[in-house]
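Right, I'll just put the structure down here and ask away after.
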Amino acid sequence: MKSRTNGEGLRDKVAGANPAPVTIAPMTQPATGATLLEARDLSKHFGGLRAVASISFRVRQGEIVGVIGPNGAGKTTLFALLSGFLPATSGEVLFEDAPILGLRPDTLCHLGMARTFQVVRPFPEMTVFENVKAAAVFGKQGRRSNQEILSDVEEVLRATGLAPLAGQHPPSLSLPQRKRLEVARALATRPKLLLLDEVLAGLNPKEIQEALPFIRSLNEKHRVTILMIEHNLRAIMGVCQRILVLNFGQLIFDGAPSDAVEDARVIEAYLGGQQHA
Amino acid sequence: MISATSVVQSLLSGMAEGVNYSLYCLGLAFVFGIVRIINLAHGEFLVLGGYIAYWLLVKWGVNPLLALPLAAAMAGVAAFVSYRVFLQRIRTSSELNTLILTFGLGIFLANLYLQLWTADIRNIGVDWMEQPLSFFGIYVSVGEILTILISLAVVFGLYFFLTRSRTGMAIRVTAIDRDAAALAGINVERVDLVAFTIGGLLAGVGGPLLGMLAHISPGAGLHITVKAFILTVLAGVGSIPGLLVAGMILGVGEALTVTFINASYRELFGFALFIAILVIRPSGLFGRRL
Amino acid sequence: MKAKTIVALFVVFAVAAWSPGAWAQGPIKLGVQAPQTGALAKHGQEQVKGIRLAVDEFQKKHNVQVDLKVYDDESDAQKAAASIEKLAGVDKVHAVVGGYGSHLVGPASEAAERYDTPYFTTGAVDRKLSAKKLKNFFRLNHMPGYAAAQSGAIKEALGAKKVGILYNSLSATAEIAQEVKDQLTAKGVEVPVFEKFEKGTTNFKPLLLKVKDAGCDALLVEGYFPDYVGTIKDAKILNLPVKAYVGAWGIGTPEFVRELGPMSEYVYGTSIWEMGTAPKEAKEEEAAMVAAYKEKFKEEPSYIAMLGYLSGKYMLEAILKGGKASGSYSPEKTREALRSLDVMSPMGRIAFDEKGDPKYFTAALFQTQKGAQVVIFPTDRKMGEVVYPAVPWGAK
Amino acid sequence: MGNLTRAFVSERTAGCIVTGFVLALPFLLSFNPYYTSVFVSALILGAVAIAWNLLAGVCGQVSFGHAAFFGIGAYTSAVLVTKWGFSPYLGLVAGGVFGGLGSLIIGIPAFRLRGPYFALAILGFAEVMKLLALNLTWLTEGSLGIMNIAPLPPLEVGSLKIDFYASRTTNYYVVALLMFAVYLVVYFLRRSNLGLAMSAVHGDDETAAGIGVNVFRTKAIALTVSATCTGVMGAFYAHYVRFLSPDTAFDGYWSVMPIVASLFGGMSALIGPMAGALVITGLDEFVFKRFFETGHKLFFGLLLAVVIVWAPTGLLGNRVGKRSEGDKR
């Protein structure tokens, strides 16, 4: 595995740290538009409840795809299925054309898929540095020198603006900082596909404004494909090239964000959802 | 070689033993399910009930109907005091700490009994309870029937208390979702105290029965605690009627192991079953919430 | 005058030189290692009571001060050995008595051997203990004596044809069960049921039903107090049709009678000593010990207390005798004194073989009749007639 | 790397203090054989507690049944030495190996259990092992136990003969050596990448899996190493006490006391469990037993309760644990 130096420091605008050369994910393939992730008739039932009902979609390399839907629409369940945290009831998931259902989360991570959690889950007894280091060490298989790992960790910390906080323990961080740690940890595994579960939730508008270019930069400069769940519609419109809309476990829309707001079913899902709420 | 009557008799004895097992472990399971404390001093509370009953029944000839509630009440008081003095102060720290605390409490109590009442083994013998009755060649004693009735009454009493009474509801809600309960205006701290005290009371009922069916000694508590553990896991945390079934499975399984295989494998049966259930079905046989 | 004075002075000096020689040894230091807490606490405590009584009497009788050190081994093997380290290594006691449970006495006697300190136990019957041929190891009772009393009585006094043996899985009971079974089988008595149960068993019915279905005449329970309580209670409920109930040790004691009341009646048990079983020669000693014990502790002595008493007594006598002979309390002299011991005691004739085992030890088999222990076997120690068939749960 | 090394500075300080104390202890006790033998037991316990804490404190998997591995180690060595004439030194190694293998038997099915359920599964395993030791008479002599287990044979270093039969002090130093070996294994393991994985699993095993940590393998290594160390200590115990029965080898003491010592000393510091074992033993021996011949356990129980209420993070937990955190800031 070779890492490539990237001269630009776009994420530094988010982090507000010194511009510096950054090494993050390897780019094994350029964003050719080939399918990176594909779900076919993916379902998950909890007893009688169909949390995810026969969903099919594709994510192409280099895309930023948003997943939206009312509460309880099955977004987080979908993520759990894709990332191997929950076994699916039926269906198929292909990652780089290979079936991945039934693989453990750590194997998926080694293949190049990383995720963040909606509710941040840092390792509380480890420092920020150790949190990220663990991801750098175990995110990819194969032995790497300590030197390589450490430089990776430092790059990710700088990129996410966590470098000054490296020695702190997560409980002492603010929420935006912890969210950044969550992303930093996922990033340190050098993923091809990043599943972001509401990384913007709980941030104030200013913080969101800072975070969006960062997400875009991950995609543009490092060609990390991103699938992100988001509640903040404005944010998702601004950053995603395509969105998936879920309602009651079903995929009701798959297309450009601008088309979604016109779609009758999407409007009904959001308004209807509000009426019942 | 083994007659059919003996098999039936053995089966029945296992069921009776099982019902009593359920009673012995009720307090521990209850406290574990509600307050999330594994009370390693459970057996010692039970033994306390046993000693109180021994003194009242055997030494002072008090009526069993009065002695039993008194014994239970004393164990309840002991639990109440233990909670107020110690446990309450560390509710926020780790589960492990409560484990060590109750373990220490158990050692303290067992040795206190040793100092107070010597190492003598005590038997609560009430003559009329020991009389055997015979039905179609199957024998039971008055005391056995009585203890089974008491056990069932306590188990179902607790069940109805939890499902019907206001306090019971509060306890259940707290067990299911502490934060929600607190938001709903339930004083969860008080629920913990009440639940722990009830756990002591329940143990206190078991003590006299243990003294009647077997015997009590200062160190008898630990064995009971371990058995209670097994049953709680077997039944699934939080399932009170499940305890009865689990108790019976254990009691009958042990009895039939002796009848058909060998007495040396009796305990092995219990632990093998325990591990098997844990691995196959970690939530226990009836692992639903209350 | 002068000569007289000189002679007198000489005598005084001689006395001073010799007798303070004995005095100069100072008090006898006797160590006790016994469980005071934990599973065996009960037995250990009784044992210590007996030893304390022996110390009292010895001090009065010989006017020699005895420093008694009692250490609790907490019913734990490591602590048992450590107690000996403390007694022999730190307190430098002249000898150790006590010890209960073969698994505690094993490591303890090993430790005593390391310190070359005589070790005299009354609570460990395992054969392997003396098989090591430790030169400092002595005991008052051992397993074959118990087994012989049981098998002999079952065959000869009761004439049972089929015997069911249930035994506690603990070391001593497991060993005696095996021994009794072998002896019975050799005598032509059938043993169709031979089963081991765990300590803490409370439901004995399935086991007893096996005894019932096998048609046994006698039920032999090699266990401890709780096991007797459990089996007798369950046998009563099942109305178990056997003709005799025999327990190993610790049955028929005053505590047993107190706790079980009428259900203690007719049980058989092996005993080393019960009130009134002393041979003629030792009747007086027995009565004196019992009276003193009651006076001191306000309760009847059990056989464990008696054993403790005797071990304390003979050990102290041996230390003193050895010390008198040589001028110092040396382990070697104490051992010699013990090995030369041959007396009639309340528990029969006492002398040791080269392994430290009691040469003449045989237990007696008694039956509890009206709350008292009536020895029925061996015939030469017989105190009364056996009531057979009779079981405790048949008594009213 | 700087952060990591700094994090261990105070641990190292605490380690040095405890090491110095352990080495000097026989001198402080003026080689009194009784106290030395009491502290041999304390160090055995301390080593088991350190091993237990690798699994619980570092990897977050609490076990209630370390007696299983202790007993397996003890019996392995005792059987090999008494029945097949192995050298007791080889027995120590074999005890560790079998302790580790035994842990896999229960670990593989039990790792999917969480929290108290994992702990209880190990407890059940310990009981099963004890019952097997009781019933496999042909191998273990059943309840009669194995007596006369050979002590460690004397070592001859030049003209110096180190004897383990009579001297408690040599036994003390051997067990101290074993304990420090266990400590170093745990210390370096925690500093390695594997230690990082264990800490991650401790923090949150799902997230750990999400960043590529093989959770099962990590837990298995923590358990196996912990059980191996415990097995070695069990084997040493067999040759030290020289008598083994199912009740003593698989005694609940070996399950419970390591937990007590760890909590007492503090689980956040690797040396905490060791310190806890020493303090508990010292208090029981020098304070409580002084006052009460028979009732000292009563105070021991009360002390446990009081300390847990008064210092829930343990004696060293407050100092070493907090200090190291402060260092990192």
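Note that the chains take the letters A, B, C and D in the order they are written out, and that residue 1 is the start of every chain.
Criterion: a residue touches a chain if its C-beta (ideal position, glycine included) is under 8 Å from a C-beta of that chain, and two chains touch if they have at least 3 such contacts.
Note that this is a predicted model, so its numbers are computed, not measured.
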Note = Chain centres computed over CA atoms; the one at greatest distance from chain C is chain A
Task = State the pair with the higher C-beta contact count; candidates are B-C and C-D.
result = B-C
Ask   = Distance-wise, how many Å sit between the C-alpha centres of chain C and chain D, to the nearest whole number?
value = 38
Centroid distance [mean C-alpha coordinates] between chain B and chain A, Å = 50
Remark   = Whole-angstrom distance, CA centroid of chain A to CA centroid of chain D, is 43
Message = Counting only residues that touch at least two other chains, what does the list for chain C look like?
response = 37, 41, 45, 169, 198
Query = So which stretches of chain D touch two or more other chains?
reply = 131, 134, 294, 297
Ask   = Which pairs of chains touch each other?
value = A-D, B-C, B-D, C-D
Touching residues on chain D, where the partner in the complex is chain A = 1, 3-4, 6-7, 193, 196-197, 199-200, 202-204, 206-215, 268, 325, 328-329
Key: chain D - residues contacting chain B, complex   = 56, 62, 106, 109-110, 112-117, 120-121, 123-125, 127-128, 131-132, 134-135, 252, 256, 259-260, 263-264, 294-295, 297-298, 300-305, 308-309, 312-313
Inquiry  = Using the touch definition from the top, list the residues of chain B that touch chain D in their complex.
reply    = 38, 86, 89-90, 93-97, 99-101, 103-112, 114-115, 222, 226, 229-230, 233, 264-265, 267-268, 271-272, 274-275, 278-279, 282
Query = For the complex, which residues does chain B have touching chain C?
reply = 1-3, 6, 9-10, 13-14, 16-17, 111, 114, 118-123, 125, 127, 130, 132, 134, 139-141, 144, 213-215, 217-219, 223, 251, 254-256, 258-259, 262-264, 266-267
Task = Name, in rising order, each residue of chain C that touches chain D in their complex.
result = 36-37, 41, 45, 70, 72, 74, 76-79, 81-83, 85-87, 89-90, 102-103, 106-107, 110, 114, 126, 128-129, 132, 169-171, 174-175, 198
